[in-house]
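The next part holds the structures, each set out as structure tokens.
Each of the next two complexes has chain A plus one other chain: chain B in the first, chain C in the second.
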Partner chain A sequence: MTSLVSHDAAPSAQPAHAPVGGRLVTVPFLIALAFVAIAGFILVQRFAHGIGAVSNLSDGYPWGIWVAIDVVIGSAFGCAGYVMALLVYILNRGEYHAMVRPAVMASLFGYGLAGAAVLVDLGRYWNFYHMMMPSYAQPNSVMLEVGLCVATYTIVLIIEFAPAFLERFGMDNARHKLSKVLFFFIALGVLLPTMHQSSLGTMMVILGHKLSPLWQTQMLPVFFLTSAVLMGFAIVVWESVLSALGFRRIMETAELARLSGLMVYTGLAFVVLRFVDLAVRGQLGAVFGAHGAVMFWVETLLMIGGIVMILPVASRRRGKALFVSSSLFLAGGIIYRLNVYIVGLIPAVGPWSYFPSLSEILITVGIFSLEVVLYLVFVKKLPVMHAVSTKHG
Partner chain B sequence: MSVSRRNFLKRAVKGSAAAAAAACTTVAGSPQPANALQREPKPLAPEAVGLLYDSTLCIGCKACMSACKEANHMPQEVGPDQPWNDTRQWDTPVELSAKTLNVIKVFTDGNATQKDHEKDGFAFLKRQCLHCADPSCVSVCPVSAMTKDKTSGIVSHNPDACIGCRYCVLSCPFGVPKYDYNDAFGQIHKCQLCKHRLAENQLPGCADVCPTGATLFGRTPDLLAEAKRRTALKPGEYAHYPRGDINGTVGGARDGHEKRVEVAYQSHIYGERELGGTQCLSVSAVPFDKLNLPTNVPDYGYPTLSEGIQHTLYAGMVGPAAVLGGLVYLAHRNTKDQHDPD
Partner chain C sequence: MPDGQLDLDTADIGDLDSYDGALGGLTRREFLNYCTGVAAALGLSPALGINIANAATTAPRPSVIWLSGQACTGCVETLLRTSHPSLETLILDQISLEYNETLNAGCGHQAENWKQEAMKANWGKYLMVTDGAVPTKDGGVYCKVAGKTYLESVQECAKGAAAILSMGSCSSWGGWPSTGVNPTGAVGLHEVIKDKPIVTIPGCPPNPYNFLSTVLHFVTFGKLPALDDKGRPKFAYGRLIHENCERRAHFDAGRFAMEFGDYGHRQGYCLYKLGCKGPETYANCPAIGFNDVGQGTWPVGTGHPCFGCTEQGVGFTKSIHELASLKSVTPPNSYPDVRMQKGEGASTGAVAAVAGIAGAAVGAGAIIASRLGKHDKTNDTNPGA
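And then the complex of A and B:
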């Protein structure tokens, strides 16, 4: 089996990855493109008239869905590359090899577009480069750490994904050279998400009483890291099942079953830890009646649903069960992060309320649509997916 | 093979759950503030200055509000009840905003007839930046646009550095910094204690014009002593109340006045302990939760918690460097292994 890092495949051998091929301009592709265009139109307004012209953001809710969904949740979707690299290259589970490259690509989009969303959200975006300048750096800021870490990780992802490009355009020499040092970037690609995904949790610790006791804890970094790993597993499983159906490809059943085992244990650990943490903080009573209690249960039940669905080992070989379970875990992770960043927020000196405006939503939709467009282009034109004819598929 | 792996996983999950529970206990459960992941609280700046606001002295004239607008060149806030084409528009802010750095608010109850009474009464509160000893806004700012002066402790903002992330808006426990959402080039606004006026030995606009001394400028320790003197007063007693600068130096000496204490002060001095202390303090006859200030808060600043986590994990970047070393080793070994066709 060849891999992301391998080279020198014998000329006669099948390439490990191949473009899916097929027509690029399809109906879903055009719909996604239309949403991108709408978002572009709204963005003109945002930059001409200010954030208030298109969003419902306020000083009570200075961070809305652009931060919570596009960045905090979007980057968790991007954790597919992280968990797969962790499994394959650090824990030496070579059997998941085939899944690495699509996962890295998903991460690349997740992070790249989170970066784009940040530029939409920043009120003084023209000063953005100050984040990279040591003269402005404020080392106590969790956000500085997250920002620098995410920027570096995006570069690492590009390097990790480069072999697919080099392969496509026949630049074997460059690919060969890159493969010699790729291990270093793989290591970085595991370290950086560990740092910034946990720090996304630490970011909210400083809110103190402005975050509901259901979520406010110094364990936030642990929960964010766990939910990142969980969502990383879930997105790989989800995407594998879906692309097996969508592109009529053979499902990588054995690997998927094992992977979903890891997913279920991570989900279990998350839920158990949440309750242990509530108990230790003496906030178990908060689950009935504290600010955001309903959403706490939505989050928790989604997680439990995901666990129950594939707890029986046999169900981990059924595409449908895997699909439902990974969807539930994804939803649970999404809601958890939404709860910490928006629902659980108790703004100072109200009354404040927040629900995203249509324009705000359309910008987020546009950014995700861009992700879909790029995904379709990449999968169809670049050797990303594990070649179907390979036995291991 | 797969069975033993499953067992291994089960054990690993159980083990890590137990370890995590233990970690939970040390991190979140230990008696505050001796928390494993907490940094030392910051002391008051050596020359800390601030304001003492005495709600019982405030007559709600809002002279401080218009003085603030003038001193800081802030625009009018035209309320929605004023016709847009009325040429006699006037400033009617009801809360701090990107246009208003200082606001007098009123608490009312029942028929609101008696000043400084909780029942059927009313009481004023002045809202502005409290210039925290350990400010969240400074701790969160990624680009040092929010800074706390080393000597005066004044927390100020530099729009030329600011990237507009609004993390300071989100993190301030008192809801002070405000962003202008209706401006394509909006910026953060908050009280900076008129540092430009202090530099010229002038009082902050609000303290300069306050007719009753309800807003008093001074060094924070002096203001705290004054607050303690007042909260110990009994109703019916007469007391002397200074105006302007408590020491009579900034902005020149001014006369104080004698006044009878009508209603008993609350013993609580707001800002003495709250979240590590603030340089601006308040005293009142009505409990502070009625005045919409957060009262159920710890006496250490929240940055002690978040920075505690960060400083522990990233001290000198030794931890991350060591982890990276391990990861590089494993990745190197495993990518080599996996080159062999299996």
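And then the complex of A and C:
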């Protein structure tokens, strides 16, 4: 990654990133590991006895939290790498460079685990490779686009993150070679999420009236892309404030202030566009009575809270405001995606009800715990964080 | 049929029995039976059937000019399927159909010339019938006949019409060409002809007897039947399909077909849950049926939910399996019903887990926020840090 910018192109130059170091086995680490173990136990049940044995999925709700949270929301968390690569390499905003590598790592976990989570949700998971075979492909399918795109993007992310590995294990030669072709993968890494994040919205457009009018719109692809960008900004801000606190590092205040400006305008655009869309579709009245109206307000108020928190420019330099605002944006994005995929759904010939079973929840918790575990291992052992910003004293 | 050359036979058809062929081979008795049936469809006393028969045979035949816009021709074709007696016998010989693009014997300039001549000759007296929507976008270029837009044709023709009749949903309110993105700006006839009352016979296609009965009412009594606020004859569109549906008892008893081919569907249960729009659609389909082959020959009778073809905002707008909005009663909940609650709801453990996760997230967030708050203060008082 570093080698892309000319001033430290030489592999022998002072490394810009360094492992955080410190003890690996800590209490949070062990708690997260315990949740991973519980999820592992339930996964054995799931693969031995089938999806019905552990989940509350039904004909009315064939997609539960494994899709809505693990894949749709998990991949939005993974959009950190997308927005940072877009800013740094496409818009040539080098000042954010220090934040790229942690962001790409967050994306790698988000997407890698989303891809793995799909296998849990696939009834006939042993056929998953059919997706890769052109002879089985239905080229007009949105789902095929999402599947292939996410799979490709995960590989691209591994390549984008590879310099960290190569640095750590001293493979400077390979790193130098990779740096010559990395631009191609970075371009792909910006193109692919643009495609599949919008397609995640397109998938619900075909549900027609089965999705509450509060969310059903031809604009769903636009909203999904906007919310992906928003959550990408939010996760970068959130992660760097938290790691500054947790690892006692100096906050990248100037970059965060500018980045949170982008975040707040994206959030503003999202909320305004939502209401414009409702007005154009003549569904403004639906916000007070349609299916899922309460959750619409939860989603909207979280977003507005995030905007209000850091609308004053001065507050964009305060860790607390940045943390609360990015948390609210993340929560708003989560609820928006949950609303589109589960809450707003009105299955035909009902009434149907769905609430995830404990086992389902624990698998999702386990997958996110695995993300925490991997994050801790990676930042402590690999050169991910910017090296110069270790706090003195 | 006029072709511009033929001198029309205007001989009086007084003695039906001696005029073989005028009624398509019908005997006098059969013809009177039909007219009595029409009287019944109109909700009139059967005795008035005689009046209708007289009017159909002796009244001066009104000229009819029939224009077609954005349509599928189904509305004309459904008229060809009337059988007692057939349309060509009764209507084409009782009225004088001057122009109809589907039925014209002539074509091209010949047909167009005849239309102009017929309009001139019967100015202010002819009956104008249209099927199909009127495209208005871009000056109406999306539908043209004889180098003239359909919009211009209907405006020109309406000026000299004694009465105007819209046949089918497209002409009545825009129909399917007007739904969705409506690329041609299609509208119903009443949107472009505002200075004259228009009788509408919506449906896709409408039941031909609703049209026939309206025309015969006009021919017999010299005036139109009672109309509702949308210009629809009340005898045909005064009631919801739901009110006269043969499956209504199942609705009231809470017995619904839930899927095509399931037990309830095979038993003939109510189709409301499959998206039947009968509860919000005004038409007499269940009462008179189609194609004269007996009871049950209409969509719901064959086991398919009504899709509300006559109603603007329902037909072609709502999805076929979308639930209708009920205008009268809602299905009862008190009966032991076939609609079982399906799927697993929330268990205590699962709710506790979600609440725990949400609580932990909010709690951790609050602690982190307060720690960050202290950080911010330290940085404010100690800017060098």
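We take it that the second predicted complex is superposed on the first by the 373 of 393 C-alpha atoms of A that agree within 3 Å, B and C clash if a C-alpha of one lies under 4 Å from a C-alpha of the other, contacts with A are read in each partner's own complex, and residues count from 1 in each chain.
Here is the rule we use: a residue touches a chain if its C-beta (ideal position, glycine included) is under 8 Å from a C-beta of that chain, and two chains touch if they have at least 3 such contacts.
Since we're looking at a predicted model, the values are computed, not measured.
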Superposed partners chain B and chain C on chain A - clash or fit | clash
Check the residue A:Leu245 against both partner chains and state whether it touches chain B (first), chain C (second), both, or neither.
-> second
Of the two partners chain B and chain C, indicate the one touching more residues belonging to chain A.
-> B
When the two structures are overlaid on chain A, which partner does A:Phe47 contact: first (chain B), second (chain C), both, or neither?
-> first
Chain B versus chain C as contact partner of A:Val83, first or second or both or neither | neither
First, second, both or neither for A:Pro356, with chain B first and chain C second = second
State whether A:Leu370 touches chain B only (first), chain C only (second), both chains, or neither.
-> neither
For A:Lys320, decide between first (touching chain B), second (touching chain C), both and neither.
-> second
Touched partner set for A:Asp59, first chain B, second chain C, both or neither = both
Check the residue A:Phe128 against both partner chains and state whether it touches chain B (first), chain C (second), both, or neither.
-> first
Listed stretches 76-84, 112-120 or 148-156 of chain B, narrowed to the one that overlaps chain C = 112-120
So which bits of chain A does chain B touch that chain C touches too?
-> 58-60, 208-209, 348-349
Using the touch rule from the top, collect the residues of chain A that touch chain B in their complex.
-> 1-3, 5-6, 47-53, 55, 57-60, 62-63, 88-90, 92, 94, 97, 121-125, 127-128, 130-131, 136-138, 140-145, 147, 182-184, 186-188, 190-191, 194-195, 198-199, 202-203, 205-210, 217-219, 221-222, 258, 261-262, 265, 268-269, 272-273, 276-277, 280-281, 313, 347-349
Would you pull the chain A residues touching chain C in the complex into a rising list?
-> 56, 58-61, 208-209, 241-242, 245, 318-320, 323-324, 327, 348-358, 360-362, 365
Residue set of chain B touching chain A in the complex reads 2, 5-6, 9-10, 13, 16-17, 20-21, 23-25, 27-29, 35, 37, 95-98, 127, 136, 138-145, 159-167, 169-175, 177-188, 275, 292, 294, 296-298, 302-303, 305-310, 313-314, 320, 323-324, 327-328, 330-339, 341-342
Considering the complex alone, what residue numbers of chain C touch chain A?
-> 258-259, 273-274, 318-319, 321-322, 339, 341-347, 349-351, 353-354, 357, 365, 368-373, 375-376
